[in-house]
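Same chain, two partners: subunit A is paired with subunit B first, then with subunit C.
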Partner chain A sequence: MARKQRDILSVEWIKLELIRTAYATRGGLFTIMDPRAVIIWYAILAFVPWFTHNVTVLAGLFVLGAISVVIARVGPLVLGLFIIGLGFEIIYLVIASLMFGGNWETLIALGVLNLKLGAVSMASMAAFVSLDPEKLSDALLSFRAPHLLSFGVSYGYRMLPIMVEEFNTVFDGYRLRMMAPDKPGFLAWRTIVHWGKMAVLSFYPIFLNTAKNVRTTVEALETRGFTYAQSDPRGRKLRLAYLRITPLDVAVLATTIILVVGCFWLGAAFPVYR
Partner chain B sequence: MTNSHYERAGALRTAGVNPRLSTPQKLMVFVLSMALFGLANIILEIIPGPHIGPVDMGVSNFIFVPLTMVALFSPFWAALGAPLGEIVFVDLLMGDFSGLSELEGYLQMFLALYIAGSIIRNPRSKVQIWVGAITVIVIDKFLSAVVDLTKVWIGLEDAEFVEGLPESILFLEGLGFGVDVVISGILFGAIPAMWLIPALHGKIEPLMGMRPRVPGEPVPGDAPRTGWFVVVAIAIAIGSAFFSFLEAWDIEVGVFEAEFLEQYGMSFLWVAFGAIALTVVVSLVAYWLGTRGKEQPDVGAADAVAKAEAEARKEKVDA
Partner chain C sequence: MSPIIQVSDLSFRYPGAGADTLRNVNLTIERGDFVAVVGGNGSGKTTLCKTFNGLVPHYWAGDFAGEVIVDGVDTFESGVAELSAKVGYVYQDFMNQLVRPTVRDEVAFGPINFGHPDHAERVAEVMEQLDLEPLAGRFTWALSGGQAHTTALAAVLALRPEIVVVDEPVAELDPARAHEIYRSLQWLNEELGLTIITIEHHAEFIAQYTKSVVLMADGAPVWHLDIDEAVNRTGELAEHGIPAPQVVQVCSALGVERSPRDVDTAASLLTSRGLTAAPVEFAARPREARCVVAQTVDVHHGYKTVAGDVLPVLRGLNLELYAGDRIALVGGNGSGKTTLLKQFAGLSVPRSGEVVIDGVNTRSRPPGKLSEIAAYLYQHPQQMFLKDSIRNDVALFPSGRKFEGWEAIVDEVLRRVKLAEFADRDGRGLSGGQQRRATLAIGLAMRPKLLLLDEPTSSLDVSSRDDVTSTLADLAQVIECTVVATHDMHLVAEWANRVIVLEGGEVAADVDPRTLFTRPDLLTRARLVPPQVVMLGARLGMDPLPLSVDELVASLHAGANV
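The block that comes next holds the complex of A and B.
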């Protein structure tokens, strides 16, 4: 895990970053908490912002989200994509409304909306970056989510880095075998078409490989009675026996609720509507 | 059995005239669909989409990936898996998860893919693949576009509270819809699928131990109890429209109708929530009624093999 390669934005780096994200190897507060408590924590912060239009409250919740992102030690890839996304969103809104003769009021209204969306996104980053696949799927199982969902989550998180790697290999294979266009053409359209074609072609081997992988996985699981163990209450109980709510979980949840209430109190004391 | 001949080695586990999928096979189709669409989405997430002005000219989805899945395998299970892949791989991992509206996206995508997969009766027919690809995009994007446009239209009848915005949203929404149909539906939907689906037909199914789809045959692993399924699907569609409204509500309240908010407070939001809860309950009840008594008696492995063999023999006699 060569961390010093961070400054080079390469596919290799993205892959490592995805593995780190999926397996929550950075540590942080939420990794040592009970996964059920983390999901409840997330649910609180994800739902609350939708019930207010008070800018003070939203700003408070946004700050709360930012703090939890810091505490959860969210990695640079995820955070970078989020910031770029938010930044571009704002730029396009500015352009769109100025182009059609809007005024600053419009921008402020849309800015408030982005504040709200940002607060929710940051809470979800903090929560899901800190849960490894096993824990997340157990938490979903304990909330009686459909077992296809909990299996899908744990399988997805596990397989994602492998599949990205596989795709990368296949794609590089096509790059080696196919001739790049001589001239890039207007706006480099030939290059874009070439890359698009390679991306589509790469899916053919990926389909076949993944089909084999999936069959192997599912049949290996089924020989161990996977489907029945998931739906049988005894199997479920065995699997979830290790989950414990500790004083830390209670403390974090209580603090969060107090802080959220604090935001609303602050909002009531100094209400700012646009 | 017209002109589709394929070669395979080893015994396939779906036999008979009307093959039924076993539980592990349903799981396989579900997981494969989820993993592939998730991968396609993560690739799109990493590639930056080019923008021309404020309109996103990028590819919103590699629709040909789930389209291939629903065309070749059971549309129900493939359609159930694909949007989950998007949520699990991209939204949860990348912090894009937005709660309620994710559910709306899931339901829309599921319906779109399921309908497209049911339209494609012959995976080798290019016309059907084209129709399927465009159907997915139209169903998936149309609902949200219509909801947004309705909002703007209602907003326009009101006093011109904020200048410029209604026109811009109307314009961008319409343009975005057109761009999506062309780029996601045709360039990265129908055209690649036209090549990929026939290329994989007959090759990928035996890898999963299944028999390839034969043109004109009923869809394998179809949704049970068609009548009830339609009820559930309609309820889901209505529910997802309400989710759209809830999503659009914020823009609406925030931008167009500040007075409205002062007058009615948050009560309208609760009405929307109530409507969603109601449709969820209705669809759950309908689903429960539809699946009640569906439990089949457990057939042992020996029985199943005997049945399959008997059916295969009958098929030979018929042929």
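The block that comes next holds the complex of A and C.
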């Protein structure tokens, strides 16, 4: 088969999708909101589903989640993984419940749990796809999360593209230099094993290289007052000075609360229990 | 002038180390000086500079004796946080120094941490001084080398230090960019009165920009001299691994006592002595150009960007590489050099057009098979060290493919690059020059027809660079065709027999090295800085231009005999 340049479902594509997701480059409603409001919004949608067994309410919340995913412009990679994950979960549940002597009843009960998890997952996707590292770390800081956690979040985001790039480079090195199996084998199992092996082996040089690079980072943090800021509250105040709750934030939160209450009202009017 | 740094009887030993890294250092640095700290590997340059901002002994706690006074503060009594307001530090691997996602946030990080209420003004001020405003919103991981270095410098300046230490700025940057960085340092020194300290290997930068030189050896300064005096100590500097700049070599070969600091001075020194060049027949660099090894046919390629559109990198390349070619691929950042190398290696295939290597279309084989014909070596040696020892790294390719007598091949290759005694060490622990030679060994053991190298001499000191250049010259016997993507004009002048200049993904010129240097327009567009000896030759009106010190000297000798 002749090789061609692929723009979708290639390593390059995964790299770009990760960056687009992490840095909220697609825009969407939640990216223009105050990050604290986004986190509160997320907290509402992530907690509420756990307080009910009413399928009508859960279905309503699931729909709310789906709408948020559309509004937040979640990318195809994350969404695809979610759908595949949910799909496999359902197939697995069917097989497991039938094998262990269950019946369709147990399956439906487990399906309700899936509905719950789905609603929460979609809210998470919508919220975290919309928060770039800066905003997320500042929001955490303003909620009095430990200094190290909020910095860790933003530093992790900064390292992500570099680590992905490094992984890609080292993996390519293995592709060029390690002998691939002569024959792909049944269902290409040899090739799959070979790729798995290269992926695992790639971590060895990456760990060593990163360990070496991070020494400079730690020294640089020290010289630029990172430790100092942990004992001096002025820095925190300056960093968070730009955060403002706007009418938009209030409107979005109010709408969400009304819709959630609406779901419960609907659930009370047409209850379905399993 | 008053001293800003005063070091007396300083000794320091890292915890667990067997010997002192710094031994009885006595040194005074005046306010407003521009100091180059020079010396061989392990002479204690970096450790000395880390005593100025208190990283030694407060972060690196070891045996500390003596006294360091910085701007009136005893560093032992103070701390890193307080001293950082006085001393800024830009690291050699400055990329790892950037800790925030965007440029503006990076610059603001220090002032905000220290709770300066005027942080916004400070940030705006340095961003303007260093022309960073257009990059303010860019992600730090997406910056080019020069932009990242400027950002690191700005982040340090935002704390308004009196002293800035810059560790080997030239190492990771192309020459044109390195000159820009040095010019901003010079501006900070002259206009704002900051004291600048650089750790530097390259004599031409030292001679051109600094005001004084500290030579370190075995953990203590040998001397601290004014630059005019320091450039005349060429013998001593060369002993400590800093060969004299080419203009100084030319002058001393001709018996001129005064050492010039730059090309202009050298030219006027020589003309004032009545030395003129006579045309001399320079040795030609022959190319056979008969048998095609690799070929591109109307190759177009590009990458998807985060925004979703395709950024074109190569635009319709038609090239033929012949057996016997030693090609230097030059051009500015983003001109497509690395992309073209990766196309030849078959790591990716073109969006349109064909790449054919040794009769094989790259579309027809996976990269693992193509690497048997074309070997690609990355720019950063670290990324090529996949195994726990050099020997295993070199053996990975030939042993996996069960080459006949692969053990012998590995031994032979290691011997050829002079690394036999380090064969069982992890590559990461070697010096810069050894690392590059180790990657060359990896490439050689693949026994390719086409060897592709990405910046093999970047971030090397002068003597390791010469080592790599001569190893490359040796390879001509075993490799049919070598392509080197590079900014290093010394490599071009001394090694290449064909130069391909890329600009915006197109071939701007395909010439021999001597012709390249006669085209100033090309040099500027491709961000190239010719070696000093070429510029001096041009200044003296030579035609053809000399490519080495020997050629220039020979031609001046011939002129003197007329």
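Just so it is clear, the second predicted complex is superposed on the first by the 248 of 274 C-alpha atoms of A that agree within 3 Å, B and C clash if a C-alpha of one lies under 4 Å from a C-alpha of the other, contacts with A are read in each partner's own complex, and residues count from 1 in each chain.
Everything below uses one rule, namely that a contact is a pair of C-beta atoms (placed from the backbone, for glycine too) under 8 Å apart; a residue touches a chain by one contact, two chains touch by 3 or more.
Remember, predicted model here, so these are calculated numbers, not experimental data.
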| item | value |
| --- | --- |
| Touching partner for A:T227 - first (subunit B), second (subunit C), both, neither | both |
| First, second, both or neither for A:P205, with subunit B first and subunit C second | second |
| Touching partner for A:V78 - first (subunit B), second (subunit C), both, neither | first |
| First (subunit B), second (subunit C), both or neither touched by A:P161 | second |
| Which of subunit B and subunit C A:V129 touches, first, second, both or neither | first |
| Interface residues of subunit A shared between complexes with subunit B and subunit C | 155, 157, 204, 208, 212, 214-215, 217, 219, 222, 227 |
| For the subunit B and subunit A complex, residues of the former touching the latter | 23-24, 27-28, 30-32, 34-36, 38-40, 42-43, 45-46, 51, 53-54, 62, 64-65, 68, 80-81, 84-85, 88-89, 91-100, 162-165, 167-168, 171-172, 187-188, 192, 195-196, 199-200, 203-204, 207-209, 250-251, 253-255, 258, 261, 266, 269 |
| Residues of subunit A touching subunit C in the complex | 2-5, 7, 12-13, 16, 19-20, 23, 25, 132-134, 154-155, 157-158, 161-162, 166, 169-170, 172-180, 201, 204-205, 208-209, 212-217, 219-229, 232-235, 237-239 |
| Interfacial residue positions of subunit C with respect to subunit A in the complex | 53, 55, 59, 80-81, 84, 88-89, 91, 93, 96-102, 105, 109-110, 112-117, 119, 139-142, 155-156, 159, 301, 303-307, 310, 345, 347-351, 362-364, 366-369, 371, 375-376, 378, 382-386, 396-397, 400-401, 426, 428, 442, 446 |
| Contact set on subunit A toward subunit B in their complex | 14, 18, 21-22, 46-47, 50-51, 53, 74, 78, 81-82, 85, 88, 92-93, 95-97, 99-103, 105-106, 109-110, 112-113, 116-117, 120-122, 124-125, 128-129, 148-149, 151-153, 155-157, 159-160, 163-164, 167, 196, 199-200, 203-204, 206-208, 210-212, 214-215, 217-219, 222, 227, 273 |
